[in-house]
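In what comes next, chain A is part of two complexes: it sits with chain B in the first one and with chain C in the second one.
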Partner chain A sequence: MVTLANRVSRWTLPAFALALVNFLLAEALILAGLTWPARSVSAPGTLAAVHLLVIGWLLLLMLGALFQFVPVITARALASQRLALLTLLAIEAGLAAMVGGFLAIGRHPALALALPAGGTAVLLGVLLAIFNLGVPLFGARPLALPGRMVLSGLAFLLVTVALGLSFALAFTVPPLAPYLAVLLYAVGDHALAGLGGWFTLTAMGVSYKLLPMFMLAPEERGVAGECVHVLGAGGFALAVGAGLARVWVAAEALRVAQDSGYMAIAIAVMIYLWDIVRIYRTRKRALIEAHNRAAAGAFGFLGLAAALAIGFAATHRLGAGAPLIIFLVVFGWLGGLGLTQLYKIIPFLTWLTRYGSNLGRGAVPRVQDLVRERRSYPWFALYFLGVLLGAACVLAGHAGGLRPSLALVTLATVGLLIEYWRAWRGHYAHGRRDASAPPSFVSNQRG
Partner chain B sequence: MAEPITLDVREELRRGGEPLPRILQAVASLAPGQALRLLVTFEPLPLYAVLGRKGFAHQAHRRGEGDWEVLFSSEPQPAPQAPAPSTAAEPGAAGWPAPRTFLDNRGLEPPEPMIRILDALEHLAPGEVLEALNERDPVFLYPELKARGAAIRTEVRAEGVRLLIRHAG
Partner chain C sequence: MSTPAALNREFVLDALHEVIDPELGYNIVDLGLIYGLDVDSGVIKVTMTMTTPGCPAQDYILSGVYERGISLPGVRDVTIDVVWEPAWSPQKMTPLAKAHFGIQD
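Up next is the complex of A and B:
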């Protein structure tokens, strides 16, 4: 029988759970002092924590979300639910090997081969995911803006993972080193393709659908949305492409192209943030739910990261400022958006799975009955405060202050995790209102 | 026909009050065929649904920032905001009886529209049709309707997504 539960991607909630565990592991590594700033930016511990964050936390979070999101925007099923599970397993196993490989660098040369082996497994998982998501996306062409942004993002994901794998091979397979070692100059482009082209473009595309959906704002983003996509995707492609070419060719034209790419990205981010403000302003729903209230923090950090990047670039300190920008993007913008949106997505999927088939056949709790929004606000506030304090410490030259700040971030992550768990378990749902009660008149009032 | 009754709840709304009881009281006091002229600070989308179920059509008019005038009348009016219940002659409804129930689900966040549609569906007799106007294509509703053997026809219009749903049987 077809039920609502069948509309819910089976591996989305498990992907979220796995992602959150990886996030906590990464935070533990940082708190234990195995990473930057206690160690160097390129220390094995830093590399392990960074990949736990971007592959373990953000990649699994984003793929889990897309396994649910893409069928909704395309009205087509994934190529296969089983492939979605294989993706999760390949990526998590590959990540575990990579983390082991990073920590073995310089200590256990034999174990270092775990790095390219893990990278290959991650690449395999990503290729499966791209195929799985590509089938409904290609089948539903012409795509609306969110779908096109996800497609662009997936292209950058492929570039990112391929670059990462070539680094691993350069490190660990000596015969390949002469051909690939030169690519290590392009580590910045690997980060830009991943955090920018893949995560940021995709998060923007998903937010263009999710925010209007729950705030009842117009979905059509018009010229602004097209500009964000074209300038963003074009900017990242130009910056990453020219950056890679500069590894081999020292041409002034390439530097200009790279700078033009950076500029296009900055403009795209500004238009996007302006457009997001427009979504909040033109919403028909008076009430803004906790996840979208707290999401303002994530948008603020995207703006802050962009402003600092422009400032660093203007004073020719982009290289020195990169760790701070990456910290703001990973924890403030992407992590913040992820944590806030999970606070809606988890109850929503839980509700669809658990109560969908009972609708119209007796009392059913509302989605909002699965959460206690008031309890989430202190955790969101603590999370963003911790990120802000950490960034302030680094900016002021007291990088040592980053760890205590991250203790706050970790505490907030645990607090939110407990709230997600309670939503999923139906902890708050008992004894709430009858679903057939009429909507409150005032609940939709503006301001 | 009697002049419309005017009810101004703007002051109460600005104070943070809940004027719904007063509005329902005013509606109950209307003479047959008499209309209610409501002055509010925002477009009262949920109220359209509440009064729509009582057989009232609405015509909204924005007079300025935070100032709306809405006319509720018991006879359906051909206004853009208030699509009249469709007839069997309309495209997409061929062979189906005229809708028995109309739900205006605009202004409701997901999944509220789906809950209301499935709720209303339970109150229809086999073969009867309900009409709903949603903000968006209700992707999560389709499999659930299929599971209940109900048929659906969807049409995207300027004012929203119009759905005709026929109870199984």
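Up next is the complex of A and C:
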């Protein structure tokens, strides 16, 4: 009668699983002492771990989420589910080659060619994803704010990957080095376009839909939302664009433009955080669920990272402070938001794939029945505590304290992974049934 | 109550209480998602909405309404019309559901 499952993104849960594995691998590299701060910021181990984090964990996480999210906000299907799978495969294979390539730089020149080869595969995966998501997004114009923010984010993703690939070619293909090596001055712009223009703008756009939806708050963000988008996208474009131009042209005007871009970004982040508080305050659903309670930690880290960045910039130490800002953004803001939202999205997708078709035919658990929220709180707390401790150590000049702090973060990640796994396996939902208590049967909810 | 003679609007609405919105974890009737319901010679006609357009659970909820309806004695068919106007808002919940979610009028 009604065709089922065409609204569920097939490759989203596998993308999340892969992303989490990459996250654990990166944490293992850091704990093993192969990265900053034990090694230099540009050490091969650091670059490998950074890209395991930003491509393996955050990019796969975000694309997996968008494959489900974009059809929700556009009410249109992806161009193709199969292309989504190809994206995952191209990115994961490309990443594996990139990691190998990073570790081979300076040791095995031939093997280091895996870096640009892997980067090309990542670029291919990203292009496929942009097409796949672009079809429903373009079909649904005029887009509401979340959709427009995702589109802006995707443009920055393309810039990021293209820059990264240019670096890789400069490092590993000597004939190209004379033309491309100068771009290496723009490594900060590569990081800003990726972590800011792409991840942060997109996460903001997604949160603008999901937070009101789950908390029953007004979705219309009005002038504030528009300001966040325009100042954010404009600020990142100005900062990255002027930063890139400064590689070739040493004009004072470009420095001013770059600083104006930073300023616009800082203002956008402040308005966004204020608006997020407004969403929590104007929610209609009295109870805040665990994923959104814990998300407050991620929003806090976004604010902290922005405040520190402003402080570093004001004292002309942005370069020296960059590793700390990157750490806070990757682990605190983006990673924190990812881990907390997964605690909702995984049970929801599990419900759709495993229980949805029983609706109307018998007992069906609620999404909430698939998790045990109070079990998640200690892990979320430990995660954010670990990130905070690590940041405090670096800030206080005891960079050595970062690794022990990361051990807490890793432990918390494993704890949360077990909770996600339990949600997927129906551990708590089945537990109830076995206990022969009524499995929160739908008719309980009646008057 | 299981004879076709009892097949009326109230009986069907009562049965539809067993279909939930999985995310909110509450039945679709008290959430106010059912905008209209007619029963005519064994055919149930439902006009309803979703809490948000594009909701991934939509097809499952529709299928749930269909399955619950068609399983009632004397029902020959269930037709469902999904509408987006007027848009759903938490204000459409029954007092019972509002109390459950802690929503003030």
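In the analysis below, the second predicted complex is superposed on the first by the 426 of 447 C-alpha atoms of A that agree within 3 Å, B and C clash if a C-alpha of one lies under 4 Å from a C-alpha of the other, contacts with A are read in each partner's own complex, and residues count from 1 in each chain.
Definition applied: contacts are C-beta pairs under 8 Å (C-beta built on N, C-alpha and C of every residue); 3 or more make two chains touch, one makes a residue touch a chain.
Computed from a prediction, not measured in an experiment: that's the story for all the values here.
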Tell me which partner A:Gly360 touches in the superposition: chain B (first), chain C (second), both or neither.
-> both
Check whether A:Ser40 is in contact with chain B, with chain C, with both or with neither, and answer first, second, both or neither.
-> neither
Look at A:Gln68 in the shared chain and tell me whether it touches chain B only, chain C only, both, or neither; answer first, second, both or neither.
-> second
Mind working out whether A:Thr282 is in touch with chain B, chain C, both or neither, as first, second, both or neither?
-> neither
So, A:Arg7: does it touch chain B (first), chain C (second), both, or neither?
-> both
Just chain B (first), just chain C (second), both, or neither: which does A:Thr315 touch?
-> neither
Overlap the chain B and chain C contact sets on chain A and report the shared residues.
-> 1-4, 6-7, 72, 75, 213-214, 216, 284-286, 348, 351-352, 356-357, 359-361, 364, 366-367, 440, 442-443, 445-446
Listed in rising order, the residues of chain B that touch chain A in the complex are 13, 18-20, 23, 41-47, 49-50, 66, 106-112, 114-115, 118-122, 135-137, 139-140, 143-144, 146-147
In the complex with chain B, residue positions of chain A that touch it | 1-4, 6-7, 72, 75, 213-216, 219, 284-286, 348, 351-352, 356-357, 359-361, 364, 366-367, 435-436, 438-446
Spell out the part of chain A that touches chain C in their complex, as residue ranges.
-> 1-8, 68, 71-75, 213-214, 216, 284-287, 348-349, 351-352, 355-357, 359-361, 364, 366-369, 440, 442-443, 445-447
The residues of chain C that touch chain A in their complex are 17-20, 22-23, 25-27, 30, 51-71, 78, 80, 90, 94, 96, 100-103
